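Dropping the structure in here first, questions after.
The first chain written gets the first letter, and so on, giving A, B, C and D; residue counts start at 1 in each chain.
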């Protein structure tokens, strides 16, 4: 198929290349033209344009524009412009990290003109070019059926991952190829958001476990209660036959094989919004989510020095017991 | 009554003085004699001895020995020695911060010789000399009845705190004076332990609230979403008519009145064991205790730099997304 | 002063009575007139009107309208109507449980016409009529100075609560009387929101402690490890001289004195929004708030049967270990 | 090699069969002989004995006895008996779910007689017979080297799991085959314990995510904010190319493919000790472990009706606000 790809960063660029490799014609647009040229060199049959208007003009009807911009204001602006340029039956795809309530709002806005909006939550990070992208998307059946060849090319496919026992005809065959129509607009980013929330919780579970094992060898314990454990070997052994293998554990094993002390990392852990939104969704639904929340709070704390709250604790302890802080 | 007080630190010394003011004869014993002399000067009718044997000899039968030593090995040793020196009907009181399972074990050990063991959980800290000590204690009815005059002198009494509506004849009148026989040996320190667990949770609740309010004025938020709130005034206003006044809030107000930025505190918060034990008790009973546990974990984290677990998180993020830490 | 009070529920009604007792002229408006008459009987010099237009007409300029409606749509509607009816210099006061971001929006809306908006976070519940109301409020200095006589009448005053040591001239004298101008519009409800978040955390701290103590007597433990503790007496003893007395503990003691088993309560715990908003604020600020969050999650879980998440856990356990659930 | 296997339950029985398939001679002992005969039928070259004495006599020196009994008193008793029956150089292996501090104590006990003690933490559950068992073990180098052929047969081997990049000569090659000598006695069960703690956290992360997604379709939300998501398809799509594939997710997908509502499960989630011990270890080391702890607390709560703590919350709410519980 022919489609436009607007935004050729780490994600958009690799997706354009993967699409081109699968025979699609991709019209490339990026803020800086040099990036477009770089992608063009790896993407046969792609063409470069310099602005959104040219991109739209280069496409046949129904026009398909995939937006892959950094979340927020830039995406909002692009969608508004496309709302002006596109017509009934055209399709706008937002593949970025968008808050699902923004999708719902935008879809309504475009729907007034008969333009379809498809939100695609995309997982796979820097590995997606080769592994394929796991995609969870929302939108009208009409629109997602039309773009199915694109999604199919981006998806990882069944690969050598064993089939789940007991899956039957009622269940979606695309899910087994790594892409899923979740429901109406917004539902794709909603499911992707929860995916990231789970990711936070799993990462924190591993992090706590490795912390407990490593500290077991430290001078916080009496000498005869210590174990000096090898983090890299433990990560490795768990990869085979235990209950907790996962792709995230593979990443732990990679990192620890390089340096079991992780000395190259400071431990200052960023967050990119989805964890926060997952908790907000949990709160709206009155669902307890202590693990995902704890994982987020750990990240918050990792980025600050001692908090004002901790000072308040010390001040109270001083107040009732004359406890003076250790220097 | 005549009793021995072994250990004249901040707690034991003040208790000896309070007892002497109420007319009791206190035999003083401390590792360093100078401390005994200092207390003697403020404690009429007290006498000083230099070792445990002399202390025991100075007392009439049934002998009453109150131990107020730093938790742990020193207390254990003192009780073993008293087990050798005392006789049937004598009473050993442990007023320190003892783990209640140690009380149960010690009580059994002494019981074999007919010696009574009373464990007294004592709250009140540096304020107890004037305010009196809130005491929760465990032991045989015979023993605790015998030492009631001592406990009554140490307790704060009803003071001007209003009576609880609906208390009736079945409930313990001593509780209204601030001291309570909780049950058999160990139960006093158990209740005191839970008291401290609650204290951790309450302190953390205030700490989080003040943190959220103070950070509301910080550059973590866009300028037009900030409030520059006065911590000292807020602590003050909550003391009057709100739902959350407490003695701990009074301490917050004190500290914040002196310096609303708490610049004198680093936020390195110690813990003294009772929080840990409370969580262990909760786990033994399969009772969820997320607030007390979170409060303890916050203290752990406050005393360390970035943890190995946080480095593991960064290493995973780098692995799947090429995310590089902020410097 | 003369003011209108719109909304005579439990809070608004009592506030009208308290204001009337202090000599203010209150114009009463309520959805059902019978309620207005009931309040009028206890509120000398009050008058009754039947609609918002009459209320506004009954007031001298600058007109003061205190809205005390159930949070949400009703309040929104009332403020919009008042925006049409009032003029430059008039003052709208929202004393309900409003989300502070709604205050900011509303204040901007009214400001365009020169109407002042004051948000008052009010604590004190059913006790406020006699105890007075602790108030945290936001708005322009001009407006809050004008309504000071009203706030002063509603506030609890210094009463017999001891002054905080070290408070000096820079600190707000009103705070000592139980009312505080926190900052611009929205800041009052923000501080009140955090107050409630802290309340959640404190309540949960007590709840966990009493749960651990009561379960210590249950058959979850071997018979020789149990203590059969008296909840009512323990709550009572902690009221005097311990580290954790508070008004909330007084309420625990009241309830437990009536029935130490709390058999009249099911344990189905509601939440009214402020806890959720506090966590959202914490997340916006990247401040860890594990205690307040745990307290909210406990309430969520208290109101449901087993969750879908718990079923998922059981399904996984069955999957890897053939573990069958206990029936 | 020839070894004794004492305890032929789900784990021990399958391990005996796997060992026999790999050519080892296994002497079988079980409380009920019928179970031994059942295993014997699937285990060539195995023999059956009826008591521990006969098992010991049937083995050549140095004798190797693998104990696979339900945790606790039975294991303790077996090890004491073996301590009497065995001699210098013999090897006792505990493959059960033992608390690592018990291992340390037992190893010391046996060491006095020159008997080796090896603790093997074993993961793999009902799948181990075919997949092999991931094993983490502790003990003297001499002992573990001697039993290496046994462990090698039980281990899963490299299979088709890709090698970790960057593993070098310093790292243990056995780890890549799924078994690892962690350190001295106790360290095997310590690492296995942490493995289970991580498992709790990961399971809870998935559980929360699926709960949030399923509840998104429920009547807790206004009708126009709901998504009716297909749990089975989502679990499936995440298995391919996302960041969160894992063996535990495969189990979720299995269960959800059978019934997306999990109606066959009540959600009453057991725990088997390792989660509790992991938290105790974290507390001893002052390492925050909020995710693992939250996971355990969720299980506790899943097995009870409303707690006393929740009643206390309701009682306080009634006290300050007259809030009556929903019926």
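As a working rule, contacts are C-beta pairs under 8 Å (C-beta built on N, C-alpha and C of every residue); 3 or more make two chains touch, one makes a residue touch a chain.
If you want to know which protein each chain is, UniProt gives these names: A, B, C, D = Decarboxylating 6-phosphogluconate dehydrogenase.
Predicted model, so just to flag it, every value in this text is computed and none were measured.
The fewest steps needed to get from chain A to chain C, moving only between touching chains, is 1. The most distant chain from chain A, with centres taken as the mean of CA atoms, is B. Mostly identical positions are employed by chain A and chain B in their mutual contact, as over half of the interface residue numbers are shared between these two copies. Centres computed as Cα averages put chain B at a distance of 39 Å from chain D. Chain centres here are Cα averages; for chain A and chain B they lie 48 Å apart.
Between chain A and chain D the centroid-to-centroid distance comes to 31 Å (mean Cα coordinates, whole Å). Looking at chain D, one finds that residues 125, 204, 206, 208, 211, 215, 243, 247-248, 254, 286-290, 294, 297-298, 301, 303, 307, 309, 320 touch two or more other chains.
Chain A makes touch with chain C in their complex at residues 243, 276, 279-280, 283, 286-290, 293-294, 296-298, 300-301, 303-304, 307, 309, 320. For chain C in complex with chain B, the touching residues are 123-125, 128, 131-136, 155-159, 161, 164-168, 171-172, 174-180, 182-184, 186-187, 190-191, 194-202, 204-206, 208-209, 211-213, 215-216, 218, 220-221, 227-230, 232-250, 253-254, 257-258, 278, 281-282, 284-292, 294-295, 297-298. Partner chain D is touched in their complex by these residues of chain C: 10, 125-127, 203-204, 206-208, 210-211, 214-215, 247-248, 251-252, 254-256, 262, 265-270, 290, 298-299, 301-303, 305-323, 325-327.
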